[in-house]
Amino acid sequence: MTDIPMRGGSAGASGDAPFDAVSTFERHRAELKASKRVWNMLTLGAFTIALGLSIWISNFYPERLAEGVPRIFEYFATILPDLQWDQLFEGRDAQGNAVPGSITFWYTDFWTYVELLLETILMAITATLLGAAVAFVLSFPAAANLAPNGWAYWFSRRFLEFCRGVPEILLALVFVFAIGIGPLAGVLAIAIHTGGALGKLFAEVNENASDRPVEGITAVGGSWTERMLYGVVPQVMPNFFSYAMLRFEINVRASSIIGFVGAGGIGAELNRVISFYSDDRVLAVLILVILMVTIIDLISEDIRHRFIGKENF
Amino acid sequence: MLKLDKLTRRFGDNLAVSDANLTIPDGQMVGIIGRSGAGKSTLLRLLNRLIDPSDGQILFGDNDIARLKGKELRAWRSDCAMIFQQFNLVGRLDVVTNVLTGRLHDMPAWRTVAQVFTPRERAFAIQALDRLGMAHTALQRAETLSGGQQQRVAIARALAQEPKILLADEPIASLDPMNAKVVMDALRDINRQDGITVICNLHTLDTARSYCDRIVGMQDGRIVFDGTPDLLTNAMAREIYGAEAEEAFNEAATSTAIPTSEPVPARVPA
Amino acid sequence: MRMASIDTVDAGQIAAVRATHPRAFRTGLDEVRKWAPWVIAIAYVIGSLIYFDVHLLFQASERALRLLRAMVVWEDMANWQYANIYKGIAQTLAMAFLGTLLGTIGSLFVGFLAAKNVMPIRIVRQMVRRFLDVLRGIDQLVWGLVFVRAVGLGPLAGVLAIFISDLGTLSKLYSEAIENIDRKQVEGVRATGAGPFAVIRYGYLPQVLPVFISQSLYFWESNTRSATILGIVGAGGIGMILIERFRAQLYDQVFFVVLNVLVLIFAIDWLSKRIRLWAIGEKSH
């Protein structure tokens, strides 16, 4: 109690205390600025070194760019279809041959592509469902507030981390080796990755769920499973659904390229046309893939919005 | 008969409930009072075993409740229903399903997982709701009800458990006087008509006095008063509540005494 | 009106309650509505798995065992050409760094062009946006393949693929951030009579820079992951070594490389988190 007036008194009496404060402040500021400058220099240095190294390692030299960039445009020119207005909508002639310059000619393999696109979508749906099921089951032990014990928490966390840590295409490579070329490898790879990615998100949703309903179910004598099913699931289901739909959109993209390593879907065809031909077929497949992805996105978005609308009456 | 023997619960160095001894015969309506932090909630949670005791025994008949584990523990919880201040219903489930969760303990696992309830269980749940005047809301989502209505649904859920004991942790603390009275009347009816033991944490003194057969006062985790309402003198009450006395005696706040209703007998003069 | 026990609820009482509260009991239609989604989903998964030849999975034991063995039994470790492996990893890092940097620089321009409040000319904005949609519609791996065709095998194709796909996504995120800024601060700068570039420099950038930095750091993380697999199509990096050795059936080496990649990814995640914390004081995740 006594030191307050004393402090006030000394400051007023001597009069040099404010001066001291200002000079101290100035000194601190100078030090801070100096240390900041050092930091900035260091950062800039590290950045420059990283940039130099990166350019050197990846051969990103002006002459290579000057040489390569025109070729990119040349390449894009070669994949444009040679369409003619007057023949654009010509069908097939008597021998069943398409007329060059018509869309029919450009899309000679249309139905093959459509079949592969459908397979791609089926793969995405199956993988999303399988992955979401795994994610659902593991998201409860992987939520810090719900885990029945430390072991279950640790194992489910690590397992989910592993599943989402390994890139899909790498998993697909392994599955293609183990079970052969075909969509099953792709489905399994995407499903595993989905399980990991969704599992983490689901667990986060669970951790944010209110624990009052859970306590209510505990108090009526509910087991752990009943606490989850009655106390947590009704709260988190709408979020789970939205996340799963978003993941589905991502998975459609994934399953359209997973065929690069032979794991089914349109990817194999995409890989084939890009690697072996540089003509209008490349663009034909690319357009279809973009269309599919866009349409699926629109549908999925619509479903999500409708679902959310219904949830809120 | 429920018997607490040297029941103790520590949180770190903090003794939330310390050496509580209490014998509660079947069918009694007990009010627990005490200031905030006295350990009332902790005591009820110990009884329902939402938390584990650090020491001591809880005897129900010859069973030591404090030692129960797993299936037997869940069986005890289903025998010993709990009502919460914040109702703790599952907001996104409809009212009748919330009441049906009171039956979970007696259902085979496949039915609980598949959420399949028999017509008999449904009829029983509706009867429980009807008793609290809530049957007309059966298909509404619980979160769409008012606080007082939710608390009545919570009591219906407790009834669906067919409990031997009913614990209520400040059941009226977040309700207005009108709803508070409805809820306290319901608890008293359950106690009188079904002979279920009711143990109820209360914040206001007049409510405890007017509804309970017996009042237990807690202070810093210890039981400092135990007796009928008329034994609880004003001086005693002031000591139990300490600094919060004014608030507890203030009947306007969260009390069941509604101005229009006839005065409740054992009132504390202001 | 004391409550009877559930055992005494007889058929008559059930019927009485059913009569007064019919909707509390489930009809056949209710049951169908409840179970149909499950039945459909499960039937679909089983059906599609059969269509995808799920039986192959159960015939794979011999090869799967070989893979599992390779995880633990590492042979001939002296001849694993580690230099090659670490060169690949260095390439991966370089590709991700350079690709993200170029993508960020490009998005700085394109993002402003696509933002409603900066680019008033509708037609330009729309064209920029459709262009970005196309960039995003094509997967990074496909871009990788295309650039391999255009500029040849190697990391350059990878850098370009990362750059192009980042341009598509980052520009969109940047433009959204720009559209969400506080208008008053911009107005304040404009009121001083500043030209358009000064308005962007002093009005917009201070507000959006933290978002930009944070987004770009996330992309750096994610590009490090994708740069590890771009090599599968020949676009440089560790992926090329991975697939070479996989094709040569050197599974123990593949496993070793994968372990290295995982360590690398964790390290970059950690580093990116630190940088974000240091640069903008944002608590990550």
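Going in written order, the chains are labelled A, B and C, and every chain counts its residues from 1.
Note that a residue touches a chain if its C-beta (ideal position, glycine included) is under 8 Å from a C-beta of that chain, and two chains touch if they have at least 3 such contacts.
It should be emphasised that the depicted structure is a prediction, and the values quoted were computed from it without experimental measurement.
Asker: When you check each chain against subunit A and subunit B, which touch both of them?
Answerer: Common contact partners of subunit A and subunit B, which must touch each of the two, are C.
Asker: What's the farthest chain from subunit C if centres are computed as the mean of the Cα atoms?
Answerer: B
Asker: Taking each chain's centre as the mean of its CA atoms, how far is subunit B from subunit C in angstrom?
Answerer: 50
Asker: With centres defined as the mean C-alpha position, give me the subunit A-subunit C separation in Å.
Answerer: 2
Asker: Using the touch rule from the top, collect the residues of subunit B that touch subunit C in their complex.
Answerer: 96, 103, 119-128, 131, 135, 138-139, 159, 162, 190, 193-194
Asker: Residues of subunit C touching subunit B in their complex?
Answerer: Answer in residue numbers: 1-6, 9, 13-14, 17-18, 20-21, 23-25.
Asker: Help me check something: in the complex, which residues belonging to subunit C touch subunit A?
Answerer: Its residues touching subunit A are 41, 44-45, 48-49, 51-54, 56-57, 59-60, 63-64, 67, 90-91, 93-95, 97-98, 101, 133-134, 137-139, 141-142, 145-147, 149-152, 154-156, 158-160, 225-226, 228-229, 232-233, 236, 242-243, 246, 258, 262, 265.
Asker: Note which residues of subunit A are touching subunit C in the complex, please.
Answerer: Within the complex, subunit A touches subunit C at residues 50-51, 53-60, 64-65, 67-68, 71-72, 74-75, 122-123, 125-126, 129-130, 165-167, 169-170, 173-174, 177-180, 182-184, 187-188, 253, 256-257, 260-261, 264, 270-271, 274-275, 278, 282, 286, 289-290, 293-294.
Asker: Residues of subunit A touching subunit B in their complex?
Answerer: So the residues of subunit A touching subunit B come out as 212-213, 215-223, 225-226, 229-231, 234-235, 237.
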